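What follows is a group of structures, each given as C-alpha cells.
Next, two complexes with subunit A in common: one pairs it with subunit B, the other with subunit C.
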Partner chain A sequence: MLLTFRRKFRFPRMMLFVFLAAVGIFMLLPIIFLVNNAFKPLNEMFLFPPRIFVQNPTMYNFEQMFLHSSAGVVPFSRYLFNSAVIATITTLAVIVVSTMAGYVLSKHRFHFKALIMGTVMIALMFTPETVSIPRYLIVSGLGLKDSYLAHVLPFLASPVAVFLMKQFIDQIPNSLIEAAKLDGAPDMYIFLRIIIPLTSPAVATAGIITFQIVYMDVEASSLYMTKETMKTLSYYAEAMTQNIPGVAQISIAAAIGLLMFVPNLIIFLIFQRKMIQTMLHSGVK
Partner chain B sequence: MKTVTRIEAAARKPSAPSGYRARIVRFLRECWADRLSYLFLAPFLLSFICFIIVPVALAMLLSLTSFNGFEFPRFIGVSNFIYMFTQDVVFMKHTIPNTLKFAIIVGPGGYILSFVLAWLIHQLPRSIRDYFSLAVYAPSIMATSVALTMVWTAAFSGDSVGYLNNILLSLGLIESPQLWLQDPKYLMTFMIIVTLWTNMGVGFLAMLGGLQTVNTELYEAGRIDGIKNSLQEVYYITIPSMKPQMLFSAVMAIVSAIKAGSISSGLSGMAITPQYAGHVINNHIYDYAFLRYEWGYASALSVVLLLMSYAIMRLSYKLFGTKEDE
Partner chain C sequence: MGNVTFNHVYKYYKGEPDPAVRDFHLEVEDGEFLVMVGPSGCGKSTTLRMLAGLEEVSEGDICIDGKLMNFVSPKNRDIAMVFQNYALYPNLTVFENMALGLQLHKVAKSEIELRVNRTAKMLEISHFLTKKPSQLSGGQKQRVALGRALVREPQVFLMDEPLSNLDAKLRTQTRMEISKLHKELRTTMVYVTHDQTEAMTMGTRIVVMKDGRIQQVAPPQQLYDEPSNLFVAGFIGTPQMNFVSGSIVSIDDRFFFRGRRLDLSIPESYYPYLRSAESNLRSVVLGIRPEYVLCEAEAVQRYAEWSVSASVYMREPLGSNTYLYARMGEESLTARAEAHTPIEPGDSANFVIRMDKAHFFDRDSGLSLTSRGGGHP
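Entry: the complex of A and B
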C-alpha cells in the first residue's frame, strides 16, 4: 500500500519541485539583477547584448555615490544617520506600543474594548497614502515639521501590528496569567516577565513590517521636512535617481538600489521563521 | 396588583436621578479600576486617533469644501462629488476603467496566485520550504521605488539594450525595439505584471502560516469520506479550515492593491502617464493634490477610494467570515 502510494507520488513531486524551482528563480530575477548591477562597471551597463551577470566586478558605483554626495550640501552620512535613527526608534516604539495595546485588548476586560477592536479591524485596510493631505495638515498643525517626531509619530499607530500581537497573545493560556496573579504578581510584572518573552515571534514580525515601511518611506521626508538635513536615505535615493542627468545617475542608482534592499533582506532572513510562526495566528475571525 | 405597581413606581421615581447618577458613578469607578488597561492602551490610541481617525474624518470634511491649501476651506456641499461623476471627463473615461481593470486583476488575481504558490510550497518537504518562500517573498521586500524603477526600466527599456526587447528580437518575435513602458498600449499590462511579481507580501506569509494550522487528520477523514483528488481536498478541507487566514490575507491584498496604484508613474517615469494609459485613482489624487493644489477635490477622490476599499473588505468578510458558532 505504502509502496504504491510512494510510486504514485514520486513523479509529481519531482515535477512540483522543478516547477517551483523555476518559479523561484523567476521571482528572484530582479534581485539577482539588482545585486549584479551594483557591481558593474559603466561599460557593462550599456553592453549589447545585455547581460545579467557582472564580468568585472568593481566598487566604482559606490565610490561614485560617495563622491557625489560629499560634493553636495548634505553629506551622504547624514541621510544614512537619519534613516538609521528613525528606523530604529520607530520600530522599537511600534513594538512597545503595539505589544501593550495587544496585551490589553487580548487579556483585559474593560468598557469600549469591543468598539476599539472593531475600529482596529476596519483600520487594517488603512493606507496612509489615501489621506496624505489631512495628515500633512495635522503634522504642520501640531508644529512637528522639521523634527524627528514627524518621522516617528505618524507611524506609531500600526493596526496590523496591534492585530497580529493581539491574535498571538490570545493563544497564551489565561491560566498562566491567573496563576501569576494568585502568586501576587502585579500587572506590570506579568506584562514584562510573562507576555513579552512569550510573544517574541509576534514582536519580530511587527518589527519587520514596521522597519520595511519606515525605511522605505519617502512621504515624511518630502512632505513634512523642509530642511535637507532632516531627510532620509530613501528620499535621497529617490532624488538621486530622478535629478542627476546622464551616466552618473545610472551608476549611482545601481549602488543605492542595492543599499536600500540589503538591510530589509538581512532582517527578513534572520526572522523569517518567526514571521511564519506569527502568521499561524493571524486569522481574522 | 395595580396598587403594588403604583407604589413601586412611586418608590422608584424619586430615586431615578440618583439611579442615573449611581450608574455614572459606577461606570466611572469601573473605568478607574481599569485604569491600567487604559494606560497601556493610551499611546496606541492617541496616535491612532491623531494620525488615522482624525485624518479620515478630515478628509471627509475637506471633500465637502473647495480648498487650495492657502485660503481657508470654503464649504460647497457635495459639488465635488457631482463634478466628479458628471463633468470630470478624465475620471470617468480613464481613471475608473483603469482602476477597475487594475484592481480586478491585481487584487483577486494576486490573491489566488499567492494561495496557489503557498499551497504548492506547502507540499514540499519542510526542510526546503523556507528557501522557496524566501524566493517568493523577496521581490516584495525590494518594492521600493528606487530599486523598482531601476530594475524594471532596465528590463523593459525601450532600446535594444532592454532585456525583454533583446530576448524578443533574438527570438524574432518583434522586428524593432518596442517602447514597452511609454507606449499606452502596453503600459497597463506591464503595471499588472510588475505588481503581481512584487506583491507576494504579508498575505502570502499568512497563507503559508494558515496551511500549517490545518489539522492533517482531516485529510485522512476526507479520503475516507470519498475525496478523490487534491483539488477537492483544497476546496472542501483546506480553504474552510484556514478561512481566518484567508480573510486576513484578503485584507492585506486590498491594502497592497491600493498601494500599488502609484506604480504607473514609477514605471513610465511620468506623473501623468501618456494618454492616461496607466492612470488609476492614485494618480488622479496625486494630480489634483500636488500638481493642481485642489485639495478639496483631491479629498473627495480619497473618500471615494476609502469607500471602495471598505466595500471590498465587507465583501471579503461575507465570503470568508466565520460565524460565531464555528
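Entry: the complex of A and C
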C-alpha cells in the first residue's frame, strides 16, 4: 500500500502536480475575481491595494444594473432575447454548414478542392477587423441592415469550424464510408447517420467556439443595426459600461461582467467532456 | 450465378505514367475461391476495389454474372466486402451493423431479424449482438465484419486482407473458418492478401500479381510446383526457392548446368524442353526449393553426381526440421535438414541439389524454360 503510494507520488511527479495546480489556480484567478467583484459593495471595489475576495457580499451591483436598464427605451429582456435567438441560430447553422463542408472537403474528390481548402486556410489568417469594411458593404448592399440575417450571415462562413471539422473527419477511415456505400447508403444517409455521430466531439467544439464568438460580438449590433430593438446583450453590456457616468459604471460593469460570463460557462460545462476529446483527437492542439 | 469476368482491365491514376493495373484478364467461376496475392503496391487491392465499384475502371470491362458492371454503383452490384480494418460503424450495435445493409435494401423487418440471428449463430456472435464494436476484441470484430457481409447473401464476396490485423493464432483459426464457410456457402469469393500462406491454404485458384500485371494464375499446388517465372518461384514458398546463376551447356548430346562453382548433369526428362529453348541457354537461373537440397550422408552418397560443397553460416531450428543457410562463393543456398542435423555454422558440408526437381529460368526474361506452364517435367 505504502509502496504503491510512494510510487505514485514520487518527488518529481509531486513537483509536477504542484506546478500544474499553481498554473491552474493562476488561470482561474480572473474568473474568481469576476465572480467576487460582482458581489462587492462600492467601497470594497475601490480598495487599495485591491482584494480578490469579497468581504461583505451584496446584490447592490445587480440592483444598479436593473435600475439603469429599466430606465432605458428598450427593456433588458429584448437584448437577452435577441442574443439567445441569434447565438442559437448561428451556432446551429455554423455546425450544419461546417460539418457538410468539412465532410465534402475531406472525403470527396472534385475539381479545385485544393484551391478551396487553400482559401479556407488563408481566411483563417485574417483578423475580423480587416474585413469589417467589405463585410459592411456586402451586408448593406444586400439590404440586410436591421435584420437578424445580418447577425447570422457573416458568421456562417467560419473557416475555423470548417478546418476543425475537416481535420476531424480526415481521421474517419475511408473504408467506413465505402462499407456504407456497399451497404447501399446514399450520401446524405452516410453524412447524417455515420459522419455526424462520429464527429460529435468536433461538433461540440465548433459549437462552443461559435457560441462564444457570436455571443460576445458587438460588431453586427454597432455597424449593421440602427434600430435599438435589434441589438444584442453584449452590445448593451458594452454601452452600459461605457456610457454611464460616475461610479455607477464600475458597479454595473461588475454585475454585467458576471452575467455575460454565465451562459458561456454553462455551454462549456455541457460540452466540456466532448471538447477535451477533440483536443486529443484532432491535429490542432 | 456469381461468375466474374475481367476483360483486359486497366487502371490509370492521375499524374502517374504507369498504370496501377494493366491488362487484367481473368474469368472467375461461380463458387470459386480466388485469391489475389502479391507484394504491396502490385495492384491487387485496386483490382478488388474496381470490382467493388469503389474505383473507376480506366479501360476494359468488368462483368458480374454476364452483366457489365463498369457504370453500376456499388450498392447495385450484389456484392459484399470485408475490409482490413473491419470498418464497423462504431456508433451502431453489432445487430444494427449487420442489419444496416438489409434495411437500406428495404428488406422486411422480420426477415432482417431472421437472417441476422441465423448468421450470428453460424459465426457464434449471438451473445454480443447488443454490444458496440468498441466493446469487442479484434477477432470478434472480424467475425462481425464477416457477418455483415454474410447476411447480405450476395453473389460475390470480396475480402481485402481481412486477417492482417489479427494475431497469428487467431489468423490461423479465422483462416480455417473462412475456408469452411466457403465450402458451406459455395459463393464466389475474391480474396486479397499479401500473405502467401493464406493464399496457399484458402484459394481454389491463386492469382499472383506484380507491378499491376498478372504473373500466373493457377491452383495452389501447381503454383508451387510449376512457377511460370522467377518472381512467382521466389514469392511462393518459405524459405524462398534457391536461385543459382549459370548456363546450360550441351556436351555429347548431354546437358549440364554450369555455375561458378558447380557443374551438374541435367536429367534426361528435361531434354525436350531444353532443346526447344536452345538459343536461351547461355544465361540461365537454376531454381531449387530448400526441401530438394539435401545434406544427409545417405542422400549425398546416393546422388553423388549432384553434390556440391558449401560453407554453412546459419542454422535455424524450427522443431520439426532445421534450415541450414550456406554459401557457395557468392551464391547462397538454403537447405531443409532433419531437426537434429549435426551440421553447425562454420562447417563446410556437402549438399545434394536434386536436379530432377530443379527449375530453369531465362535470366533476362525471367520466364521458365522447362515447361509451358513452368516447372519441371
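In this section, the second predicted complex is superposed on the first by the 267 of 285 C-alpha atoms of A that agree within 3 Å, B and C clash if a C-alpha of one lies under 4 Å from a C-alpha of the other, contacts with A are read in each partner's own complex, and residues count from 1 in each chain.
Here is the rule we go by: contacts are C-beta pairs under 8 Å (C-beta built on N, C-alpha and C of every residue); 3 or more make two chains touch, one makes a residue touch a chain.
Nothing here was measured: the structure is a model prediction, and the numbers come from that model.
Enquirer: Would subunit B and subunit C fit next to each other on subunit A once aligned, or clash?
Expert: fit
Enquirer: Should A:V54 be classified as contacting the first partner (subunit B), the second (subunit C), both, or neither?
Expert: So A:V54 meets neither subunit B nor subunit C here.
Enquirer: What is the contact status of A:I89 with respect to subunit B (first) and subunit C (second): first, second, both, or neither?
Expert: It touches nothing on subunit B or subunit C.
Enquirer: Just to be sure I read the superposition right, which of the two partners does A:Y103 touch: subunit B = first, subunit C = second, or both, or neither?
Expert: Once the two structures are laid over each other on A, A:Y103 reaches subunit B alone.
Enquirer: Would you check which partner chain A:L149 touches, where first means subunit B only, second means subunit C only, and both and neither mean what they say?
Expert: In the superposition, A:L149 touches no partner, neither subunit B nor subunit C.
Enquirer: Given the superposition on chain A, which partner contacts more residues in subunit A: subunit B or subunit C?
Expert: B
Enquirer: Which partner does A:A180 reach: the first (subunit B), the second (subunit C), both, or neither?
Expert: second
Enquirer: Taking the superposition as given, does A:Y189 touch the first partner, subunit B, the second, subunit C, both, or neither?
Expert: In the superposition, A:Y189 contacts subunit C only.
Enquirer: Considering only the touch criterion stated at the top, classify A:L80 as touching first (subunit B), second (subunit C), both, or neither.
Expert: A:L80: touches no partner chain.
Enquirer: Could you say whether A:M117 touches subunit B, subunit C, both of them, or neither, answering first, second, both or neither?
Expert: Touch status of A:M117: no partner.
Enquirer: In whole Å, what is the nearest CA distance you get between subunit B and subunit C after the fit?
Expert: 12
Enquirer: Need the overlap of the two footprints on subunit A, from subunit B and from subunit C, as residue ranges.
Expert: On subunit A, the subunit B and subunit C contacts do not overlap at all.
Enquirer: Along subunit B, where are the residues that touch subunit A in the complex?
Expert: Against subunit A, the touching part of subunit B is residues 27, 30-31, 34, 36-38, 40-41, 43-45, 47-48, 50-56, 58-59, 62, 117, 120-121, 123-124, 130-139, 141-147, 149-152, 154-155, 160-163, 166, 170, 197-198, 200, 202, 205-206, 208-210, 212-213, 242-245, 247-248, 251-252, 254-255, 258-259, 262, 282, 285, 289, 295, 298-299, 302, 305-306, 309-310, 313, 321-322.
Enquirer: For subunit A, which residues count as touching subunit B in their complex?
Expert: 13, 16-17, 19-21, 23-25, 27-28, 30-31, 33-34, 37, 46-50, 52, 96-98, 100-101, 103-105, 108-111, 116, 119-120, 122-135, 137-138, 142, 153-154, 156-157, 159-160, 162, 187, 191, 209, 212, 216, 218, 234, 237-238, 240-241, 253-254, 256-258, 260-261, 264-265, 268-269, 272-273, 275-285
Enquirer: With touch defined as at the start, can you tell me which subunit A residues reach subunit C in the complex?
Expert: The contact residues of subunit A facing subunit C are 173, 175-176, 178-185, 189, 194, 197-198.
Enquirer: In their complex, what parts of subunit C are in touch with subunit A?
Expert: For this pair, the touching residues of subunit C are 52-54, 73-75, 79-81, 83-85, 87, 89-91, 100-101, 104-105, 148, 152.
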